[in-house]
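Across the two complexes that follow, chain A remains constant while its partner is chain B and subsequently chain C.
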Partner chain A sequence: MTLQAYVLRRVLLLVPMIVGISLLTFVVSHMVPADPVSAMLTDKARPETVAAFREQWGLDRPLPEQYLRYLGGLLRLDFGVSIFSHHPVADDLALYLPATLELATTALLVTVFLGIPLGVLTAVYRESWLDRVVRVVSLLGASAPIFWLAIVGLLVFYSWLDWVPGPGRIDARIAAPQTITGLYTVDSLLTQNWDAFGSSVRHLILPALVLGGNQMVYLLRVTRSSVLEVLGQEYVRTAHAKGLGWWTVVYRHAVPNALIPTVAYLGLSYGSLLAGAVVTEIVFAWPGMGRYALQGTTRLDFPAIVGVTTVIAVIYVAVNLVVDVAQSFMDPRIRLGR
Partner chain B sequence: MVGGGVSLSEHLSPRGRERRASLASWLASAWRFLRRRPLALLGLAIVVVWVLALLGTDVIAPYGPLDLDTFKRLQPPGSEHLMGTDDLGRDVFSRILHGGRVSVVAGILVVLAASLVGTFIGTSAGFFGGALDELLMRTADIFLAFPPIILALAITAALGPDLHTSMVAIMLVWWPQYARMVRGVVQSVKQNEYVTASRAIGAGEWRIMLRHVLPNSIMPVFVVATLDLGQGITIAAVLSFLGLGIRPPNPDWGSMIASGATMLSQWWLGTFPGLAIMSVVLGFNLLGDALRDLLDPRLRHER
Partner chain C sequence: MSQQKPKGKESVTTSAIRKCTRRQFIGLTLAGGVGVAGASLFTACAQPAPPTATTAPAAGPAATAAPAAGASKTLVVGVSIDDIVSLDPHRAMEVIYPVFDHACYETLVTYENNDFSKPLPALATSWDVSSDAKVYTFKLRQGVKFASGNPMTSDDVKWSYERLINLKGQPAFFLDSLDKVEAPDAQTVKVTLKQSDASFLAAITAPPVAIIDRKTAEAHGATAAADAGKTDKAEQWLTSNSIGTGPYVITQYTAKGQVQLKRNQNAWKPAKYFDEVLVKGVPDAGTQQLMLQKGDIDLAGNLQPEHIQALKGNKDVAVASTPSTDVAYLGMTRDPKKNEALAKPEVGQAIRAAIDYEGLKALVPGSVRDAFIVTSGLAGSLPVSEAPATDLNKAKELLTKAGYPNGFKAKLNVSATMVRAGAKIVNIAQKVQADLAKVGIQIELVTAEDNVWRDGFKAGAHEMTITGYFMDYPDTSNYLAVFLPDGLMAKRMGYTLDKDTQGLVPLLQKALATPDESKRLPMYQDIQRKILADGPWAALIEPLMSYAHRADIKGVLAEPTYYFSPQNFYR
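And then the complex of A and B:
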């Protein structure tokens, strides 16, 4: 299979996937004991009011019709109107999604730029003090829940040491930069608003380190075991035998081959980062999708919950598509079918 | 590298079990295995200490989980209150012990339920194949398209947030991982000659599946489920941290950390329940790693 054919096939596979995602979110939001009618209206609401409410939200239609309407809405990026904020969910998401993406993507950079070098180093210098320290730290890190790490991080670096600013995306006294992409760091750079840039970067450091550091532990393990495996291969021995220097062997021969599983793991990582961002946002009062989803959850605001869930699932699936394609580019055996 | 382990895994494998290794020799080889692994021993010790502490909570905890002492609010850790008191004057140490019963049991139950459901679905899909396989696995794929916590959040909302629905929600998002793994194992196990042989002597399909294929496919589930126990406790704590778990005033670790998050200057409120989670999860992780090495040498990898 050529690369183009492989990409085409993977993109076409997105269609049933997205239908599946929409079906599951529909089932979750419609066939449930929690009745949005009773959540919105008091017990004393007159039957006419209830009927009018059901009609207004299309809850009186047969389920298949509700699903088709719902799917049609999704395809037009119409998630309905949030029951509580009374804004279209899509508008709310456009407001909150960039904050989450900014956090998750910065965390991904932390994960990649710490996890991969450390994974390679600990594999090359196996059983060195570095390897031992990293192993102990990653064992502890993998055991600590992320929301707790976030709180401890705030406690140590904000309350005690005062190295980083407290919760939030930007200092209260600094106005948010003009919205272009919705990412504060990018927008403030584009508008050359240096105060806003400095403040938003400082606010981003701790949450991104907590979130990325937590994920790094897993990426590091995958990278380390993959590099170890490759270092035992014949072609590495051949490269040694023909007189190449140690580091040349490592970065020219071992690492490029060892990174294939690491790249595959990155897709999974981004999903965990998005999910972790949701939890981290709560601790850092980060105005993103996580806080929006949690507010929706406690208020039974199903259009909001479904909107967040769908958008995150679609991003996750899309990232994995990119990862698959990157992987098949790096390793032709994958697209040739093993 | 693992002499003792291999012999023990032979004892535990179905073929080895027929040798009827005596309990004493089983324990002896288990001890030989553990002695070479200080980390596994540490994990075992942590888990044993926690199990004893949670079983003996009523004896160990100096106060009741809901005992208020309004004159001793927000006391830092000291001799009277080992881990301090919270904003209502309740003893944090006692609440951690009582809350642990909720958090640890919830985590274990969730993993148990997810692995049972996943094993059943995965075995059916792998064994019968065809349209059933396609239906079950495509359904699993859809679940796997969501980051677990996000979907669990949505399902918990739909079911009405409390401790039990959040557990059901976690189970619902978790079974596909087990189903997918078990299906793979079952597909390779059913190629074995003993399956053909029992079919030749006229055994029914269900009998073959339950008596021959399932017992030979179950070991990886056991290993992964042990490795997942820590994660189960963590995810249950996440939902409870988000306010979707147990209802106040009853404690569990996630909700205790949540209250600590709002009172940063009272560092002991959030720190100790977090350390509790971390130590339990560490214990289960270390134990799970050892169990994987012990029971399934094929899954063993360089660490």
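And then the complex of A and C:
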């Protein structure tokens, strides 16, 4: 099997996976002993209102019929209409997904550009001042819940020090850039709207650091232990014996080999960033998919839940596919499709 | 080789300190959590790299506002808008909708400044009520224009009322009693009710009974036809636009992001000061508190008592409060199949006598007490002096009389997460549980996820429950109707018509047929006295509703039915 065939197979596997996800979500959300109508309408809703609502949303039909109708749409890439927002789930996702992607991707950059260098440095300068400080701080960071980090981050850097702007994607008084991709930074660049660009970048800093910083701790640890392991390998000693400079050995021989598990971890990490953005989005008033997912869950809005789950699953699979392929290039011993 | 001393070591570490910029500091510190190590890093970094405006400019109002001289005439509100489904006034019934309804639309009559004693003219300048309170004739205000510039006429009123009813959405109930609405001439509206209803004027002050611009609405797919619930296509458009006569218009809506309101240039009664209102979606109350302290928002919409408490002593922040009208109450089943003891009226009386109301008030700071489930400030409510008193001996006597000298067992179902105007229902339930234990009633507290509780509540499955009821429009009958036998809430507690031994329902009908307030209000009070004697309810407490705002914003009032009115704010 060629690489192309391998990729194709992985993509096709998405279909049964999505059916599985939708069935599982449907079953779980209907096992909850609560009625979506109760979750949508207030306690004061008159019985006539409840009946009209049920009929309008097809909730009066038998469960298997509800599921099959939904699945039929899903296989035609129609996510249906959110019972809560009254909008097509696809439209909702198009609205909220870019905000989350922008945040999660920036957070991933934080993870990579802080986690890997720090991981390498702490391994190279093992037991040094830097290593000890980073280890203690990362232990604290890993133990601190993300909402706490978010609140404390806001308190210190927004409220006290005034280094970063307050919550939200952009300053209240700056209009959002014209929507092209939905990513404020990209759209403002494309439309050369520098005010919006500056503001949206500044608004990204703290939430991305909080979200990415949390993941970074784990990446740092994976990188550190991996580099340590590689530094003890014989080929590293050989490289030194050849008379190569110390940093040349580290950067050309040790680090590339040590990064293979790190890259694998990154794939998992991006999924966690996407799915784990809920709390960050609430504290930072970030209008993203995490909040949409939370709302879907609390309102028993089945189409919204399946929509979010499917999108995250697809991104997760895609990212890990990229990781697999990247690994096969990084390590010739890994052969895909054989 | 790790034991080999790397040449660059010293320079790397020292330069790490020397070049520790703010950006790195944020990264290093936050990455590992703001802990002790972070604090020590901070002391190392802060001095060599003092904050300058190059990398991350300050975010205070000075930086965010356009460089216009002086204070901008933009009001920024931070509030959770996640649950907004619609801003179509005839549909919306979720969070904070009254603010938008009231800022962008108007009703025929209205109330101002929390004075609910009598309706004031709004789009109608005068009205005439038939002696049986069945026919209401309104004269409309001359020269009123919608935001579009279209003149407001009786046809718009008729059409708006019909649309509200025929959409069959949640707010349709405000016009439950309406039979037909006619427009005999451009300035006259004649409303005929199905039955006498002296509370009709109060009901149509509710923000959803908004008069909207028929012509513009129809151009965007709105209809008032009988099947409007299925054929009206204007919801989405009406969520990012508004077509009322009110002081503001909605100019932008981003779901979960923000709602922008701008001054309606055609308003007959313009907004007092602010040209623009930005309602930012800030779901977290703690974040709202920080933004308010910082001055990035002018008003916080969802602060809980603990945040309000934390803001005390802050000179830049003021708090506007009012009784929420959301009366927390205990409901007890009257269905002997669910609980034989609770089904007896004497047991209800005993429970009312066993509850420590003062203790409950202490539990929820700022809360007030009501005699029955009617906010005390409302004309026609029973004076608090007539509220049931805590009297354990009386409670025991009543229990003995009912045949339960040693008490009995009952289940109390509550939502685990429900908060009514800042009061956590679970805490109230625990207090009630402890109070009832003193007279031998053993309560099993059943907490459930909110939706699960709600389902059981709506299905009438609970023996006892605690929740709240807030006023939709300022007439005592708005509360009474649902708690009297066969009312919406009463049915859920098995309090059906066959248990109406005192004829409460006919009494309410009689009151509603009496337009003369001096006669009607005593009738409301009489009903409350009677239902307190044998009904299945105990009014517990009424928490405050509070909005914290920047002290330089004046004219802020917490209003039970409108929440707050940006059109009256000024700086």
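The rule is short, and it goes like this: the second predicted complex is superposed on the first by the 265 of 338 C-alpha atoms of A that agree within 3 Å, B and C clash if a C-alpha of one lies under 4 Å from a C-alpha of the other, contacts with A are read in each partner's own complex, and residues count from 1 in each chain.
Note that a residue touches a chain if its C-beta (ideal position, glycine included) is under 8 Å from a C-beta of that chain, and two chains touch if they have at least 3 such contacts.
Computed from a predicted structure; not experimentally measured.
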Looking at A:Met17 after the superposition, I want to know if it touches chain B, chain C, both of them or none. Which is it: first, second, both, neither?
first
Can A:Ala275 be said to touch chain B (first), chain C (second), both, or neither?
first
Just chain B (first), just chain C (second), both, or neither: which does A:Val283 touch?
both
Touching partner for A:Leu154 - first (chain B), second (chain C), both, neither
both
In the overlay, answer first, second, both or neither for which of chain B and chain C A:Val137 touches.
second
Looking at A:Gln295 after the superposition, I want to know if it touches chain B, chain C, both of them or none. Which is it: first, second, both, neither?
second
Now for A:Asp331: first (chain B), second (chain C), both, or neither, which partner does it touch?
neither
Report for A:Ile312: first if it touches chain B alone, second if chain C alone, otherwise both or neither.
first
Can A:Thr25 be said to touch chain B (first), chain C (second), both, or neither?
first
Using the touch criterion from the header, give the chain among chain B and chain C with more contacted residues in chain A.
C
Common interface residues of chain A - those touching chain B in one complex and chain C in the other:
32-34, 139-140, 142-144, 151-152, 154-155, 158-159, 282-283, 298, 300
Chain A residues touching chain B in their complex are 16-17, 20-21, 23-25, 28-29, 32-34, 135, 139-140, 142-148, 151-152, 154-155, 158-159, 221, 224-225, 228-229, 271-272, 274-276, 278-279, 282-283, 293-294, 296-298, 300, 302, 305-306, 308-309, 312-313, 316-317
For the complex, give me every residue of chain C touching chain A.
1-2, 4, 6-9, 12-13, 16, 22, 26-38, 41, 51, 56-60, 63-66, 72, 74, 76, 78, 82-83, 85-86, 93, 168-170, 172-173, 176, 229-230, 235-236, 254-258, 278, 280-284, 286-287, 290-291, 293-294, 296, 449-452, 454-455, 457-458, 467, 472, 482, 488
Over in the complex, which chain A residues touch chain C? Could you list them?
32-35, 38-39, 41-46, 48-49, 52, 56, 84-87, 92, 95-96, 110, 114, 118, 121, 124-126, 128-130, 133-134, 136-144, 149, 151-159, 161-169, 171-174, 176, 202, 205-206, 209-210, 212-213, 216-217, 231, 236-237, 240, 246-247, 282-285, 287, 291-292, 295, 298, 300
Give the list of chain B residues in touch with chain A in this complex.
138, 141-143, 145-151, 153-161, 230, 234, 237-238, 241-244, 254, 257, 260-261, 264-265, 267, 270-271, 273-274, 277-279, 281-282, 285-286, 301-303
